[in-house]
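Quick notes on the structure that follows.
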Amino acid sequence: AGGGDSEAALGSEDNPVRIGTTDPADYWDTFVDLAAEEGISVEIELLAEYTEPNPALSEGDLDINQFQHIQYLADYNVASGDDLQPIGSTAIYPLGLYSQQYDSVEDIPDGETIVIPNDVVNQARALLVLQSVGLVTLEDGGSTASSVQDIIEDESRVEVTAVDASITAGSLPDVAGAVINNNFLGSAGISSQDAIAADDPSDPSALPYVNVFVVRADDVDNEVLNQLVDIYQGNQELLDEVQEFAGGTAVFTVIPADELQASLAEVQEQIESQQ
Amino acid sequence: MNDLVEQLQELLPTLFEQTGITLWLVAVSLLFGGLGGLLVGTALYVTRRGGVLAQPVAFWVLNALVNTIRPIPFIIFIVALQPVARAVLGTGLGTNVIIFSISIAATFGIARIVEQNLISVDPGVIEAARATGASPWRIIRTVILPEAFGPLILGYTFATVALIDMSSVASIIGGEGLGAYALDYGYRRFDPVVTWSALAIIIVVTQLVQGLGNWLARRILRH
Amino acid sequence: MPHISITDVTKAYAPRRRGGATVVAVDGVSLEVERGDVFGVIGYSGAGKSTLVRLINGLEPVTQGSIQIDGVDVTSLSGARLREVRQGIGMIFQRFNLLRSRTIRANVAYPLEVVGMPRDQRRARVDELLRFVGLEDKADAYPEQLSGGQQQRVGIARALAAEPAILLADEATSALDPETTDEVLDLLARVNRELGVTIVVITHEMDVIARIATKVAVMEQGRVVESGATYDVFTRPQTDTARCFVRTVVRALPDGDALVALREQHDGRLFTISFTDEGASEARVFGALARAGVDFHLVHGGVDDIQGRVYGLLTIAVRGDDAAVADAIASIGSGVTITEVTA
Amino acid sequence: MPHISITDVTKAYAPRRRGGATVVAVDGVSLEVERGDVFGVIGYSGAGKSTLVRLINGLEPVTQGSIQIDGVDVTSLSGARLREVRQGIGMIFQRFNLLRSRTIRANVAYPLEVVGMPRDQRRARVDELLRFVGLEDKADAYPEQLSGGQQQRVGIARALAAEPAILLADEATSALDPETTDEVLDLLARVNRELGVTIVVITHEMDVIARIATKVAVMEQGRVVESGATYDVFTRPQTDTARCFVRTVVRALPDGDALVALREQHDGRLFTISFTDEGASEARVFGALARAGVDFHLVHGGVDDIQGRVYGLLTIAVRGDDAAVADAIASIGSGVTITEVTA
Amino acid sequence: MNDLVEQLQELLPTLFEQTGITLWLVAVSLLFGGLGGLLVGTALYVTRRGGVLAQPVAFWVLNALVNTIRPIPFIIFIVALQPVARAVLGTGLGTNVIIFSISIAATFGIARIVEQNLISVDPGVIEAARATGASPWRIIRTVILPEAFGPLILGYTFATVALIDMSSVASIIGGEGLGAYALDYGYRRFDPVVTWSALAIIIVVTQLVQGLGNWLARRILRH
């Protein structure tokens, strides 16, 4: 079993810190080395689906994860009644609309199809991006819980299809445009400069989209885990690798843990009130 | 408890719709994949050494082809097939592409099932047919396939259930149906009611399909 | 030109495993079957009879030698030409080989479909055949619902369906009761007589040979050890195998247990009397014995018709003066052979 | 207490489809088989013989009636108790039913494994059995490599393997040549005599009955229409069915084509002479005819031993003065029956 | 071109390692799932109407269970099984959990394959065994399974290839192996060299597995 020896101190050889992520990225190797230099033993659990790392963390299969933004975490906490907490921020990745055929949103003819990620949070975020440039209109003005079913067809210019986030980039030849997550830009050879629309990471409303290290509530003050956050935030070499993996879209942002937690609480409240 | 009932009531229309989509998707891919599998599987059987149309080279090529397609993870297979789908269907997304991909993947899976069932046919009856001067093609059509009909029904039932499972992967390229719905709106949104109500329908459909298959096979096998 | 001509044919089955023995099932067989013959093949179990017949219509390739049908070498044919030849050959299988997926009716119709007979004619022909084999009421049953003999009759009907010019019958009556056997043999004889069908009958029932075969070949370990006109083989068997088979029909030479039993029951001397329709009447024997005042009993044997000709082999127990017996026997003359059983 | 006692047993097969006909394969049969009997069952194809025998060891449940073996009602047994009964019953199947997945050796060993015989003893026993059926050299072959008769012999060896107290033989010699048939029948007789095994022999070969069965039952359409000691049924058959079967062994009453042929060949009057070992000698007949100066031929028929007793049925053609013939016949007296064939 | 060779050389050690993991994963899940499937499939066959241990209720329950498990999309199935895996294995992630999930899913898929193959066994030989007084359990062991061995080999070969395919879903919960590697490092990172070199190995392994299965079945069926 992957649990290690729970008697031994967390981060020791016998009980390495298990970090869950969904990014098959080389920077994690660098991170493991950096942690080792500080005497912390780390194991990376690479999971394929956004759905996996949170339940695994709460069940104790993991000690910490890093793949999501606050918005996603809030949605998860509310949906599953969990109480996972962010302890450090990494970056905000603007979500962009890309196209092979059209150079601007205005050029996209009416009735064309746009693909967006199909997971709940990115789907909503992508829809908000599309709404912000007038391609669709959402019920009740849209929210972080909107889905393709909330599109008001009569008032929208395009059809929207939700596909797996990993398919969006590959779908570009089929459609007028695709909303593509940072994770898939670099490897698909698309530059973030090419986005014909994107949300603005500096907008205060983008705060919930800051990516975070997440732990179980009672580990919020765990020194070893907090030390890992410091290592991540403090090493330029590592950040360069992360940036490379993100196709240049990352906007590194360091936000204190209590602000992150406050933001989480706020978003959760908002979600609860919507239900 | 009341909440649950309410939520289910709200879900009902969607579930109905998705059930329809699943049935359509499975039916059409079963039609194409089933025919394709029948063709390829029968070809495998008749071209093998000792078969009624023994053709070692043809067998080798077909066998290798089936072995090449079958193990490709379905997700990758769908994506690898997208260029072909674009050429054939004009798009790489949507329900038709799903049907297209499942049909092709099913062709090769079903081919093996068909091949296996044909191998169990008593060589004596094939010989009796050969003795009448029947052509290989006629023997395939009037002896080999009918003699294997009972097991084939069970094989196709097996395949149908596998197709229902495959169709849920549809969600990655924007397909719909119960499986995709369970994944997108249940599993990925941590909503167990959606997940399990969609699954419950899938399971009921499966019970019906398997029950029908068992019943038919029993009638045909008569034992 | 013989209808079927088998020249120096060998069939060997390669061993299954390395080091296993090759089985030579048919070993250098040459036979000629004339058009209109009913050609019997007999031989012990495993002699190679079924294998031989499977070579004739090319169900198995020969290892060596050639087989000609109507002067065409079928061992070198393949594809459509071979199939055409097969369409003219009906085959009754030892293991029946009925199609499980078809009703009795549809099994019998199969060869008719192959030769392309229209549906309505097919129906009539199948009904006729089923009536003939006494299975009208089983037309819609499936093979596994039939008794062994019923299944065999379906196989016979199927083989005859397409009115073949050659009929290969591998143990066609082995599962049949005597009445059905009679009917089937009568039919085969009629088919042969009226339609001129050449028939190759494989059987271990010598009785069947006696009743319908015009010629017979005796096989032993893959080889033909004896062959000739049926009457000749019956009346003058040359090999032990042939004698063994003949004895089953004309049970006249008691031996073993039977002989011991006869000796216990009859205290006189035992003689066998063998007579054919060529020779003089056996009545002379009885007359001579009676006139000589010798007491005699028929204790074994009988008179049979082999291919419509009379052949008798009787054992009598004789009680009386040795000299009188000798005189009586001496007075009989030629045409009848009398031998004392001394064993 | 009879070894096997069948009381009023019926077996009906339900129709496959709604509206189909129920097949009553066995219809109110009652039979008693004593310990040590060799009990023959004959009947036309489809008469219900195989079905009856399958009811005895419970392979099929009866629809009605009861079957007792050693006084135990097997129709009400199930589970371990039924299996125990079956272990004491060997069965030879009409369709052989050999295990494809096992070699010949392992097929024969199967019942020995079931009764738990240790491996080394098993080996020796199987070798002995294979030697007996003449298949030592096929021990390691698989069923499909054997000829029909060879497969049947494997089935026989298997049925005898576990030294059963009852042997059910369904057409055990139908695929065998006469020599092997002789050997198998001798073995069955020996098994019966020496080990006291009760044997139920199902066959359509009357010959088999004549040679080993002590009693015989004749089945027709699911019913037993006649039964009794073999000699009695042979010499005084009561039903047409029995007569038909008897005729195949004692071929003495020519009819149909055979009769026509005889009439063509012989211009005298035809008489049949029937005699048993109870009556007077048929020699008297021949003597009387010879003395009367009447010319006669034996044209058909023979003398047979049925269960070691003599039974004769001869047809003679007589040429001569009608009065002389009548005189001669009148002078013969009792013990021999003479009938003119007038048809 | 040279780049490609270089990249492949770099990939080689990883590919080897992932091949080893795949083989291990498939072998172990085949062992457990294969045994489980044999058990459940045989149970389905013997408890059916007319079977040697006919038990309508047991059959109904088993049949419904198999129908319930089989159509659940494998992704959801893995997740649904995680709590069980945590109880049994102490964790819900990693290769062992994958083996656990595949074994259970395979049990129900293979069960159907086994059932189908057993149905083709000649009722006559089963009857011959019953006539010797063999117990149902012995008949299953010494007659039914051996008689179906040839087709079963092909069925298991089919299942093995399906397992290779299933194992690629491993990546969801942090499993490894060629399929997961192709998905995570090839497909999800748009690196066709990785995708196709991993797939190439999968295909080669499949060819070997299928070749072995065909060869074995041919030996056993002897035709």
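Order of writing sets the labels: A, B, C, D and E. Residues in every chain begin at 1.
The rule we apply is simple: a contact is a pair of C-beta atoms (placed from the backbone, for glycine too) under 8 Å apart; a residue touches a chain by one contact, two chains touch by 3 or more.
In UniProt terms, the chains line up like this: B, E = D-methionine transport system permease protein; C, D = D-methionine transport system ATP-binding protein.
In this text, all values refer to a predicted model and were calculated from it rather than measured experimentally.
Between subunit B and subunit D, the least number of touching-chain steps is 2.
Considering every other chain in turn, none proves to be in contact with both subunit C and subunit D.
Ranked by number of C-beta pairs in contact, the top chain pair is C-D. For subunit C, the chain with the farthest CA centroid is A.
Subunit A and subunit C have Cα centroids lying 88 Å from one another. Subunit C and subunit E have centres, each the mean of its CA atoms, that are 55 Å apart.
Note: centroid distance subunit B to subunit E, computed from Cα atoms, is 17 Å. Chain centres here are Cα averages; for subunit A and subunit B they lie 36 Å apart.
Of all residues in subunit A, those touching 2 or more other chains are 49, 51, 166, 170, listed in ascending order. For subunit D, residues that reach two or more other chains under the stated contact definition are 16, 95, 142. Residue positions of subunit B touching 2 or more other chains, listed in rising order: 79, 187, 222-223. Applying the touch definition to all chain combinations yields A-B, A-E, B-C, B-E, C-D, D-E. Residues of subunit B touching subunit E in their complex: 49-50, 63-64, 66-68, 70-76, 79, 109, 112-113, 115-117, 119-120, 123, 150-151, 154-155, 158, 161-162, 164-165, 168-169, 179, 182-183, 187, 195, 199, 202-203, 205-207, 210, 214, 217-218, 221, 223. Subunit B contributes residues 79, 82, 86, 91-94, 171-174, 184-185, 187-191 to its touches with subunit A in the complex.
Listing the residues of subunit A that touch subunit E in their complex gives 1-3, 20, 24, 45-49, 51-52, 55-56, 59, 61-62, 166, 169-170, 183-184, 187-189.
Remark: subunit C residues 13, 16, 23, 42-47, 49-50, 94-95, 142, 145-150, 152-153, 171, 174-181, 186, 204, 206-207, 244-245, 247-248, 251-252, 258, 261-262, 265, 277, 281-283, 286-287, 289-291, 295-305, 308, 310, 312, 314-315 touch subunit D in the complex. Interface of subunit B with subunit C (complex): residues 122, 124-125, 127-135, 138, 142-143, 146-147, 149, 220, 222-223.
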